[in-house]
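Two complexes come next, and they have one chain in common, subunit A, joined by subunit B in the first and subunit C in the second.
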Partner chain A sequence: MSVNHRVTQVLTALTAALALLLALPAQAAPLRIEITEGVVEPLPFAVPDFIPETAAAGEWGGKLAQVVADDLNGTGLFIQTPQDAFISRPTSFAAPVQYNDWKAINVQALIMGAVSVADNGQLTVKFRVYDVFSGQELGKGLQFQGTTEGWRRMAHKVADAVYSRITGESGYFDSRVVYVSETGPKDDRKKRLAIMDYDGANVQYLTDSSSIVLAPRFSPTGDRVLYTSYATGFPRIHVLDVGNTQSRILESQTGVMSFAPRFAPNGQTAVFSISEGSNTDIFTMDLASGATTRLTNTPAIETAPSYSPDGSRIVFESDRSGSQQLYIMPAGGGEAERISFGPGRYGTPVWSPRGDLIAFTKQHKGRFHIGVMRTDGSEERLLTASFLDEGPTWAPNGRVIMFTRETQGASGQASLYSVDVSGRSLRRVRTPDAASDPSWGPLQ
Partner chain B sequence: MSADQDIPEAGRRRLHFGYYVSGAAHVGLIGWLLIGPLFEVEPLPFDVTSVTTISEADYAALTGQDTPEDATPEVAPAVPDAPEEPAPPAAEDTPPPAPVEEPPAPVTPPEPVEEPPAPAPETLPDVPEPPAPVLSEPDDIPPPEPAPPADEDVAVVLPEVSQRPQPRPAPRVAPEPVAPPEPEVAIEDTTRDAVVAEEDSPTPEPQEEQEATAEEEATSEIVTEAAETPSGAPERSVRPRGRPPAPPAVAEAPQESPETPRQAPAPADDPAPAADGTADAVADALAEALGGGDTPAPAPTAASGPPLTAGERENLRLAVQDCWVVDVGSAAARVTVVVSMEMEQSGRVITSSIRLTGSEGGDARATEVAFQAARRAIIRCQKDGYELPVDKYDQWRQIEMTFNPEKVSR
Partner chain C sequence: MTHLTKIALLLGALAVSACTNAGRFGQDDPRLDGSAGAGAGAGFVPGGAGDPSSPAYFQQAIGDRVLFLVDQSSLTAEAQATLDQQAEWLLTNSDYQAVIEGHADEQGTREYNLALGGRRANAVREYLISRGVPASRLRFVSYGKERPIEICSDESCYAKNRRAVTVIAGSAVS
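Right, the complex of A and B next:
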C-alpha cells in the first residue's frame, strides 16, 4: 500500500473520530421535570347497573352495583359519579366502551358488570374494570358464582378486585367483624358477641346476653373467636367456633383472672394476660395442649399483647416505667424495648398486618386518640380525637382501622368507627345497637 | 545570362535589405531562445493550501448542529403519529367480538348458615373480550403514512418547501411623503373685512366618498441579491446517504474509485484497499458517524433553538401536578417513579410512548401503581395538549418526568 493511501486513511479515520466527538453532545437530553406536589382527592369512578343477562337477573343488577359503589365510596379513595350524569349507558357486557363518553364526565375508572341467574338459582356475576383515560382494561375480567343469598359477598368481591387493581393493594370488603353488641342503659348494659360484614350488614349474634363478654378476637383464619366472659363470675378466656357458635373455656390457672386474649399468627397459640393480686403478666398457651408459658415477670401491669405478623415479636402495654407505655419483646419473652415516649398514656397496641405500623390508644389531656406509629416508635400520628376512642383493630390489608367511640354523658353510647390510616375518611359503621370492641377478621 | 543579371540594380539592393532584416530577426530569435531564460524573473511566491471539498451535509454532521431528521419537518410534512385512541364513531364502527358461550356454572355447595356462601372467583377466559378501542384500527381513519426509508434522500422533496415570499417590485418611494414646504406668504397691501358665514348659506355639498385603497407599496431599503436571494432550496441539507456496504475486495481491487482519479494506480503487488482492515474500520467509523450504513438512522434527538424558560417549565409542572392524585396511605405513596414520554408538536402526549424508566422506594406492585397514577396524571391533564412553545419543540419533544411523592405524603 502506498504511503499516500495510508495517510489518506489515517486522515479519514481522524475525521470520523472528530465527527463522532462532535456528534455526541448533539444527543440532546430530554426535558426533565420533577413533580413534587400532587393532589389528595378521591378518584372518580362509575359503575352502571350490572347488565342482566337473564330474565330472572333483573332485580340484581342495581343491587350489585350499589354495594360495589358503597364499598368504594366508603374508602374515601374513590368517589362515585352518579348514574344520572352518564352520557351513555351500556346495554351489553361485550359492547365496546365509549371512552369519550366517560371522559366527558371525568370518570377515571369504569366498572362494567353483568349478572345472570340460572334455572337452579345459581347467581353468576362478572365484571371488567377500565382505565378510561388510558383507554385500556385494568386486568382481566372476573366472574363469581354462588347462591342468591350470597349476592352481597359477590358484590364485595367485585369491589375488592376493583380496589386491588387500582390501588395495588388487597381489598378488605369481603371480610367480617366480630364485636360486642350492647343494649340497655349504661348502668345495666347487656353485652353479647355479634358478627357482621365489615359494612355492618348481616349481623348475627354468637352469644346471648346472660353474661358480660369482652374483647373478642378473630383467629387468623376467621373460624374461631377468643373472648373474655364473666359467665363463671370470674373473667375467663373462651374460644368460640364461629361455624356452630360452640364455645369452651381455655383452661389455665384456676382462681386467677385471664383476659385480653389474642391469637398468634399461626392460629395455634394464644397470648393473654393473667392477673394475680395487683400484678398482671403476659402468658402464652398452646391451644392444643393447654401448656402455658410466662413471657413477662415484673411487678408492673403488663397486658394487651399483640403479635407481629411474622409471629416473632409481641407488642404490649406496661406501666413498668411509671406510666402506661408501649413495649416490644421477643415472642418467647425476654428483654422488652420501650417504643412510646410521647406525653400521655399509651395502650391497646395492635400490630398492622403489613408489619410496618402499630396502632394504639392514647390518652392525653383528657381526650382519647387512635394513633399509629412505626414499630420503632417513630412517626407517631394521631388519627382521631374524642371523648373516648379506644380498641383499634386493623383491616386485613392494613389500610383501615376500626375502633370504638363512646359519647359522653349518661346517655352516651358506644359505636364503631373506621378511619383510613392516613387519618382521612372517618366513618361510622352502622350497627343495629350500640357496639364496642371490634375485631376485624381476615379477607374471606 | 543569369537571373540576377536580369534584375535591375535598385531591385537588387531592396532584395539584399530583406535578407539582412530576416537574418537579423532570426539571429535575435535564436539568441533569445538560447539566453532568454537566463533573464527570467522568479514568480512571486504564494502559499499553496490543499482544499478538501466538503458538502454542507457533511459539515452539518461534523458540527452536529443539524441532522437530517431535524431538517425533515421543514421539507416533508410531519408524519402523523398513530392514533392514540379511536374516535367514538370509529369505535362504533368496530364490530364487537363474537360472543363465546360460557360453560355452565358449577354449583357452589352451600355453606353453614352463619356464613354466607362464598362465591367462587373465576377468571373469564370465555367471556368475550371487549374490543380494546386503543388497539383497534378505525376503518375511516387512514393509516399513518409510512416514513421515508432511511436511505432515501428526502431533500429532493422540494416542491413542498414553503418558499420564502419574494418582495414584490415597488418603486423606491418613501412610505410617507415629505411634507411640502409652506408657501411663501405675501402680505397684501389692501385690508379686507373678515368674511362671516351666512346662516342661510347653502351647506357644502358632500364630497363623494372614495373607496379606501391600499397604500402604494414602497420599500425603505435596497436589498441586494447578494444579501437576500430567495430560493426554494432547503436551508439545511439532509445527512448524506450512507456508504453502501463494501463490495468484495476482489471486485474493488482492479477498479479505481471515481472519487480518487488522481490517485496513482496501485502496483500489482499492492494488496487491495478493501481487503485492508484499516479501510473497513474507517468505513465503519464514517458510517457510524454519519448515520449511514445499513442500520437506520437513530431517532432525532438533537435539540435546537433556545431552551424553555423557567416559566414555561413551571407551567408544565403545574399542569401535571394538578392531576397527580396521590394515595397518601398506600405503599405507592413512598415510591418515586421516573416516566419518559414523547410529545406531539401539538403538545399532546403520545400515549404509547409513556414508559417507566426508573423507580425508587417500593416493590414491583407499588411501583406499578405509582407509575399508573403518574400515567393517568399525564394523560388526563393534557386535555387538548400542554401549552408549550411550538418554536421550541425540539426542546420538549422528549420529556422525562420524576414523580416524587415525598412532600405529598408528609
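Right, the complex of A and C next:
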C-alpha cells in the first residue's frame, strides 16, 4: 500500500470562537480514561457521519464514521451513541457545536469530521474532538490526506488520535497483523501467510499453500516477516519482504529443524530454536552475516523465545524442570531464571512492548488460557479460557492481546480473537477463512 | 549449502510429493480404523502388500508407526516390538531410505509440539540405529500437531495422533 499521509493542523480560528462558550462551569473531572484502572463504565461518544465538503465526498462520510466508531467500540473503553438518538445533526464542520444537544443524550466525547475529494482523487479527512460536558475542544483539529484506497487507514488515524487524547496512551488502530490463513478439513489443512488490517479488513496473501507455513513474526518496523516453512520438506526459517512478498530461506541453518523465529528489537538479529537429535535449543542469527550463536545448552526443549523491548533479555519456554515453564535469560545467553510457578504448563511467552508484562499460553486441567504476568512472575492473571487458546501477540501499545482460538472436534477451526489486558472486550476478529498464529505489527 | 541441506532438499521433495498424495493416510496400519482417509490404494511403488520386500508390506504387515503416551517420547514395549521388525526389514531391504515423521496431538502449543514430535521421531531413529540400521539411511522430521490423522478431540483420536511414522522413501537418494 502506498498511502502517503500528511498530517497538518487545521485552522484554529474556530477554537478561539468556541472559547467564549466555555464560561459554563466545567465538569468536576476532565474527560479522561485511565486504562490501568480497568474501565467498568465505557465512555459514551458520538461520531456523526463525516460532513462531505465536495460533491464526490458523499459516499465517504458514513464509511469513515463507521470505522472510527468500530475502532473505539472495539476497545470496550468507549461506547457509541447511535446516530438515531441524535437531537441535531451537524451540517457544517465550521458551525459552533450545540453542546446542549449532546449533553441531553449523555454524549461525553463528540467526534466531528469532514471529508473532501479533490479532482485528482485525493481524499482529505479532517476532524475535531470535543469534551461535551466541559464544552471544550480536546486537542487541536487534525487533517489527513491520502488516496481513496487508503480511506480506512485515515479513519483508523482519526480513531487513534481520539483514543490517544482521551487515554493519554498511543493507539493501535492503524496497524496490521500477519497471520496464517487456513482452509480445508483438520486432516488436510492448507496454510498460507496473510496480512490484514488489525480489524480484519484488507486481507492480502503473502504465500501460497503448497507447503506448511507456521508462526509468522513481524519485524519491529513491519517491513519483513520471519516464519517457518516446510518448503524444503523440513521446518526451516524464511524471511519475507512485505513490500514485494519475496522470501528467502535463512542461510546456514544447522540441525534437523529450525523454527519459532522472532526478530530482536534492532531488526538485525533473529532468535529461534534448532532441534538436533532429541534436543531443542535457542540460538540467534545475525541476519546480514548468517553468524549463529548458541544461547541455551540443555537436553530440554527450549523454544518460543521473545526479546524484551530494550533487547537486553529473552523470555522463553523450557521443559528442563520436567514440564513447560517460562524463563528469562540475558540476551547473550547465560543463566536463566524461572518465572512461572503456578499449576499447569506455560508456553509461548511474549514480552509486552511496554516492557511490564509477559503474555503466555497456559495449559491446566485440560483447558487452555491466555494470561499475563509481570516479568518477575508475580501477579499472574488469566484473561481467557477455552478448549484451545494459544499464541498471544501484543498490540503496539501493549494494552490488547490477539491470539488463536481453536474449536473442538472433527469440524474444529481456528480463529483470531482479541482481549484487553484486563480480560475484558473479548472479541473475534473476522477473517475470510480460518486463521491462526497472529503477529501484530507496529503502529504505521 | 551444506551436504546435509542437499539431502534435506532431496528428501524434502519426496516428503512434499507424499504430502500431496491424498491417499497416503488412507493406507494406514490395518489396526487403525482408517476413518481419517478416503481413497486408499495410492500405491506409490511396485510390489503389493503380499510382497515382503515391498514398502506396502512394511507399512501394512509390519506396521509403519508407533504410538506414544501424552507428552512422552519413550518407546513402549509394543513400540519396540514393531521397531524390531522395522529394523529387520530395513536391514534386509538395504536399498531403501526412511524418513521418520514425528507427530503430536492437538493438546499442546505449536512450537512445543514441533519439538516433541522431533523427540519422538528421533527416539525411533535412535532405536533403529541401535538395531543396526545405518544412521545414513534414516532421517527424521516433525510435523508437530500439523498433520493429525484422526480429527476428533478426545483421547481415542489423540492416542493415534501421538505417533512416529517410518516412511519408506525409496532408493532414490544417492
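In this text, the second predicted complex is superposed on the first by the 402 of 444 C-alpha atoms of A that agree within 3 Å, B and C clash if a C-alpha of one lies under 4 Å from a C-alpha of the other, contacts with A are read in each partner's own complex, and residues count from 1 in each chain.
One rule holds in what follows: a contact is a pair of C-beta atoms (placed from the backbone, for glycine too) under 8 Å apart; a residue touches a chain by one contact, two chains touch by 3 or more.
Please read all numbers here as calculations on a predicted model, not as lab measurements.
Once the two complexes are overlaid on the shared chain, A:G347 sits against subunit C while remaining clear of subunit B. In the superposed model, A:D187 makes contact with subunit C only, not with subunit B. Once the two complexes are overlaid on the shared chain, A:G409 sits against subunit C while remaining clear of subunit B.
Comparing subunit C and subunit B on the residues of subunit A they touch gives the larger count to B.
Within the superposed three-chain model, A:P82 lies out of touch with both subunit B and subunit C [touch as defined at top]. Contact with subunit C, but none with subunit B, is seen for A:T303 once the two complexes are overlaid on the shared chain.
Of the two partner chains, subunit C is the only one touched by A:E390; subunit B is not. After overlaying the two complexes on the shared chain, residue contacts for A:S278 are found with subunit C alone; subunit B is out of touch. By the touch criterion stated above, subunit C contacts subunit A in their complex at residues 2, 4-5, 8-9, 11-16, 22, 25, 36-37, 73, 106-112, 114-116, 118-119, 122-123, 126, 139-143, 146-153. Within the complex formed with subunit A, the subunit B residues making contact are 61-65, 67, 84-85, 87-88, 91-92, 94, 96-97, 99, 104-108, 110, 112, 114-124, 127-134, 136, 263-264, 266, 270-271, 273, 276, 278-279, 281-282, 285-286, 288-290, 301-303, 308, 313, 316-317, 320-332, 340, 351, 365-366, 368-369, 372, 374-377, 379-380, 394-408. Subunit A meets subunit C in the complex at residues 185-189, 191, 210-212, 214-215, 230-235, 252-254, 256-257, 259-260, 273, 275, 277-278, 280, 301, 303-304, 317, 319, 324, 347-348, 361, 363, 366, 387-388, 390-391, 406, 408-410, 412, 437.
Of all the residues in subunit A, the ones that touch subunit B in their complex are 1-2, 4-6, 9, 12-13, 15-20, 22-28, 30-41, 43, 77, 92-101, 108, 112, 118, 120, 122-126, 128, 131, 133-137, 140-147, 149-150, 152-154, 157, 161, 166-169, 195, 202, 204, 242-245, 399, 420-422, 424, 444.
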